[in-house]
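What follows is chain A paired twice: with chain B in the first complex and chain C in the second.
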Partner chain A sequence: MRVLKRFVRQPSALIGALFLLLLAALALAAPWLTGSSPWVMSTQPMLAPFHDPAHWLGSDLLGRDLGSGLLYGARVSLAVGVLTSLATLLVGLLVGALAGYFGGWLDGVLMRIAEFFQIIPQLVLAVILVAVLEPSLGTIVLAIALVAWPAVARLVRSEFLTLRQREFVQAARVLGQSPWGIISQQILPNALAPLLVVMTFVMATAILTESALAFLGLSDPEAMSWGYMINASRGLLRDAWWMSFLPGLAIVLCVLAVNRVGEGLRVAFEPGRSL
Partner chain B sequence: MNGVLYLGGRLLKALLMVVAVLVLIFLLIRLAPGDPALLLAGEAGVDDVQFIEQLRQTMGLDKPLLQQLLMYLGNIAHLDLGYSYRNQTSVWSLIAERLPATLALMGSAFVLSSVLGVTLGVLAARARQKRHWLDGVISHGALLLYAMPPFWLAMLLILVFSVILDWLPAFGMESVGKDFSLLDRVQHLLLPCVSLSVMFLALYIHLTRAAVLEALGQEYVRTAHAKGLHPRRILWVHVLRNALLPVVTFAGLQIGQLASVALLVEVVYSWPGIGRLMYDSLAQRDYGVLMGGFLVISILVVGFNVLTDVICRFLDPRIGAGGQG
Partner chain C sequence: MTLLRVENLRIALPAGADRSHALYDLSLQLRSGECLCVVGESGSGKSMLAKALLRQLPTPLTVESGRLLFRDEDLANLSETAMRQLRGRDISMVFQEPMSALNPLLRVGEQIDETLRAHGVKSAQERRRRVVDLLGYVGLPEPERLRLAYPFELSGGQRQRVVIAMALAFDPSLLIADEPTSALDVTTQAQIIGLLRKIQQDKGMALLFITHDFTVVEAIADRVLVLEKGQLVEQGSAHQVLREPQALYTQQLLAAVSAQPLAPRTLVDGPVVLKAKQLNKVFHSHSGWWRKRTTQALAQVQLTLREGETLGIVGESGSGKSTLGRCLVRLLRADSGQVQWLGQDVTTLSDGRLRALRSDVQMIFQDPFASLNPRQTVGRIVMTGPLVQGHSKAEAERRARSLLVLVGLPATAFERYPHEFSGGQRQRIGIARALAVEPKILIADECVSALDALIQVQILELLEDLQRRLKLSIVFITHDLRVAARLCDRIAVMQGGHVVEQGETAALLAHPHHAYTQTLLRGCPRTASPSTVTPENLESKEACPNHG
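And then the complex of A and B:
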């Protein structure tokens, strides 16, 4: 409760959270808010924004409604962001808990693997993965999660290393609680705060990476996404800059909001350390 | 002696990383749906039965997996990254031709983002201490820059500086049909370099600011003040040297990201580097070139990582003491 109060008291974090909620609502309601599917040619091509009340954000080269594209694109960005964070959480928890709790050679091997995925060019690997596996929402999430999990795993590991030494964990061990019981009931609840913060970071990275993949032509052919919209209108920068400007602006606002929420959570969890 | 041992160990680790990249590429090609030889041949080469048969031989597809891996590693050791049927030349020669352009882009962006980022980071930290508004401007600006998709920012820069103002070229590395001139090259490099730098500039500002603020609270700073040293000297010499350590470590970790973003920037500006080559291969489904590009970029990144580790050791003698690194 006190954490929530501290979170709400930061204007930028609150605005970020409200923006994301609004965006999620708009994305969910997209079929009812827009007259047309984002793929359908619904009006004249290359309509500038604010000229036609029925298509007030304009249309693209094929006469597809840009506003509709932006709403449906929000679905992809948010879905990829949330699904990737959950996938990295799962892998990161498993790897980090094993490495941090048991230590020894297992820790050494797992952390070398994590380091490997952190050092190599991650987007390039994601590009190759998605290209080889054929682009779909599933393969995109898989590829981003594969390069994003080390951040979570390292955090979980360091939390485990410090918490393992704490008295309440030692006490649980002396009382004969099983390793799994200690991990799930003693350590995890205490590691929750930094985990939440790093998850927002993963989500922001995932949204940016998805847009980059789509920009390179690697997007789910079924799902309209912001990166795809920028890619599709890239050649028209001179004649119709708004076609690539608007989806990009949507990405910036979305990522900014996620980052602000993350920062707000960090400050709310540790009020003493605000840099 | 300690230093030699350290360097040896560090190089061995780098070598293991490169081998891990190779194993990853090997597995990717084998595990992908469909025939690995057809995948590697790329769209253009698939119809040539003789070429496919030869490729199967080189890959040893009829042999056990482990032997295939060893054959693959052997080929790489001879700098044989395969043959691009589409381009009718070896993958290595395609990449080698484009390596300088990528190095120029990444190198210039690295220097720009790190020098400017550290400077702005220190300024922001000092401004925060004095409760000056400059801190707010710099740190909020960095936040905004960090949230921008680099390829989109690159397009905006083209829109402003090439289309509207017509100051700088938006395409390629040199003007077509003109003799070599340094000015022409620099003009072509400017926009791609800035586009690539922005995201890392934001990161360096954020990191330096935090590190300097932390270092300013340490006791040696108070001692230096008590000794009567000039505050500017304390900030830029004593504090910065200590604050640089996390920044350099971070630079090593982040160089893979720099290579990733370079791919996007090269695509937007048609910069004739490895990234652009990989993008073209992606469209042509020339997976051999794609994998080769990934390998060469990874080797660059791992090499740079060794370099930053060595610099860190040089910056902080504590790390080296007793050979623990």
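And then the complex of A and C:
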């Protein structure tokens, strides 16, 4: 409860959280708000914003509604962000917990594997994977999660390493609690705070990476996304700047909001270190 | 000449603290060449006095009223620059934890050099000579070489000597020492006290010595001032306060540190419940790339514990006593030798097989703050044991509730979280947790050393009482021979992984054979007369949890 209170007391974190909630609501409601698919050429091409009340954010060079594109793009960005975070959390938690709790050779092997993935440049691996596999939401999530999990695993491991030495964990061992019980009831609840914070950063990176992939034309061709919109209009930057600017702004705001939420959580969890 | 005068000092605490003032109307005088000990428990405001004198009170706190006069000059009127000149030059300070008072990245010589330079000693040669002189003066070996050492290369006692050397850099007229020996072993503690006493007499310094420990008071004080919750309760010469204490609170404090057994004990001759045979444990640590350092934490340790008996294991830090405790409870696996629980060999049993036997042997931990999971309610903490041992939820809850009452906690404790409780209360929770699985053997590892003297007594009395009621056998691990003497039937003294002496408590204290036991004994205070203290008037002490 106190954590929530401290979180709400930070304006930037609160605004970030509200923005994300609003964005999520809009993205979910996209079909009802726009009435048409973002791929439909519904009006004249290159319509500037605030000229046509039916398409008040304007249209791109094929006459597709920009507002509709942004809303559907939010679906992709948020979906990729959330799914990647979950996938990363799952793998990172499992590997980190095993390595940190049991230590020894298991720790050695798992950490070498993690390092192997960590030294591969994130975008390069993502590009290769998506190029080799079918570009779809699933492969994009897989590609991003594959390079993001080691950071989470290492964090979980270090948390487990310190918490494992704490007296209340030893007390649980003496009481005869099973390793699984100790991990889930004693250690994990105490490691949750830093983990949540890192997850928000993973999410921000995932959204950026997805945009980059879409910009390179490697995203799911069926899904409208912000990166794709920038890619489609990059040639007309001087004639119709808003066509690249609006999706770019969307990416910036979305990532900024996620980052602020992460920062807000960090401060809320560690009141002593806020200054 | 009166060097320091404090008049009606009041320091207000922010709203929501456990009392209105950290210090209330405190007055004291200190003359050159005199040692005044300020004694009090944690939270009594004794450290606030030192911070106020240096004008370094933590931010929300300020001096509300009263005056601090140093050489008849009001410290409140000094500019920040003048104050900085005073600190380190005329008034110096020695802290409790030498490691945090030293910069870990600087050689110790450089740190003293820095102090000298900050106060305007220009010549580098002059500074270097002073550094070596100072290090030699505080009794450090080979000062020429030692000045190039980093803090981590020194022992705790050596570090504290370096801090003292730093404080002495300008022959201050007032030295404030805030618990300078509390982090040290008994033998090192005696050496540091001796050193401070010698320096003080050599230089005719005034020494304001802040401590909670009457052993230390006895060794160094000319005059004593006792603080209770920010209020002065008694002031007088060391002899007067220690031998004929007037205030009830002082009497309680003194009684709490006596080494009298809590209850008359008769040696029991029950069956052996816990046995250690030829236990060995070696720790390896790497230093450098190839060199390996091995520490023999346990060497051929032999122990037996009989039913209903309390066995004390006494030794200084690094003597292997905690390793022994962890091997006995099988948190660690001994390298060789045997541990038997109720006649069964558990030395090499797998963790899985061991889990079913765990309920027989339980442990109470040292740190009342780290030993409870902060994210669980007290009820869940205590219920964990019975639940993992296969009891039903209803049964676990029934046991937890009755145990919380048994260890003297309010019934409402069940739903609350550990951070709402004081140190002593948390230790009670830890005891309840251990007892919830109905163990026959308890291993208590330094379970009172983090607590104030009065609370210590209460926890010891609780253990004593529980032992009698539940027929527990206890292994009581401590660095404090005095505490062991109060509770234990037999005592084993450990040094460097060996049990160097073992015997019945009274006999061991009366005729210590081993030289090491004799040194430990010298660290204990001669006992003050017990005791106007009854459990009733002690009980009121702990009723209010001590917040930070």
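What to note about this one:
The rule is simple: the second predicted complex is superposed on the first by the 274 of 275 C-alpha atoms of A that agree within 3 Å, B and C clash if a C-alpha of one lies under 4 Å from a C-alpha of the other, contacts with A are read in each partner's own complex, and residues count from 1 in each chain.
In this section, a residue touches a chain if its C-beta (ideal position, glycine included) is under 8 Å from a C-beta of that chain, and two chains touch if they have at least 3 such contacts.
None of these values were measured; they are calculated from a predicted model.
In the superposed model, A:Thr162 makes contact with neither chain B nor chain C. Once the two complexes are overlaid on the shared chain, A:Ala204 sits against chain B while remaining clear of chain C.
In the superposition on chain A, A:Ile119 makes contact with chain B only, while chain C stays out of contact range. In the superposition on chain A, A:Gly217 contacts chain B only, with no contact to chain C. For chain A, the partner that touches more of its residues is B, with chain B and chain C as the two candidates. When the two complexes are overlaid on their common chain A, residue A:Trp241 makes contact with chain B while staying clear of chain C.
In the superposition on chain A, A:Ser184 makes contact with neither chain B nor chain C.
Within the superposed three-chain model, A:Gln44 lies out of touch with both chain B and chain C [touch as defined at top].
Legend: residue contacts after superposition of the two complexes on their common chain; A:Leu129 is shown touching chain B, with no touch to chain C.
Overlap of the chain B and chain C interfaces on chain A: none, as no residue is touched by both.
Of all residues in chain B, only 17, 20-21, 24, 28-29, 32-33, 39, 143-144, 146-152, 155-156, 158-159, 163, 209-210, 213, 252-253, 255-257, 259-261, 263-264, 267-268, 278-279, 282-283, 285, 287, 290-291, 293-294, 297-298, 301-302, 305 touch chain A in the complex they form. For chain A in complex with chain B, the residues that touch the partner chain are 116, 118-125, 127-129, 131-134, 204, 208, 211-212, 215-218, 227, 230, 234, 237-238, 241, 244-245, 248, 251-252, 255-256, 259, 275. Contact residues on chain A toward chain C in their complex (touch as defined above): 166-168, 170-179, 181, 185-186, 189-190. Taken together, the chain C residues at the contact with chain A in this complex read 329, 331, 351, 354-356, 358-359, 361-363, 365-367, 370-376, 381, 384-385, 388-389, 430, 433-434, 437.
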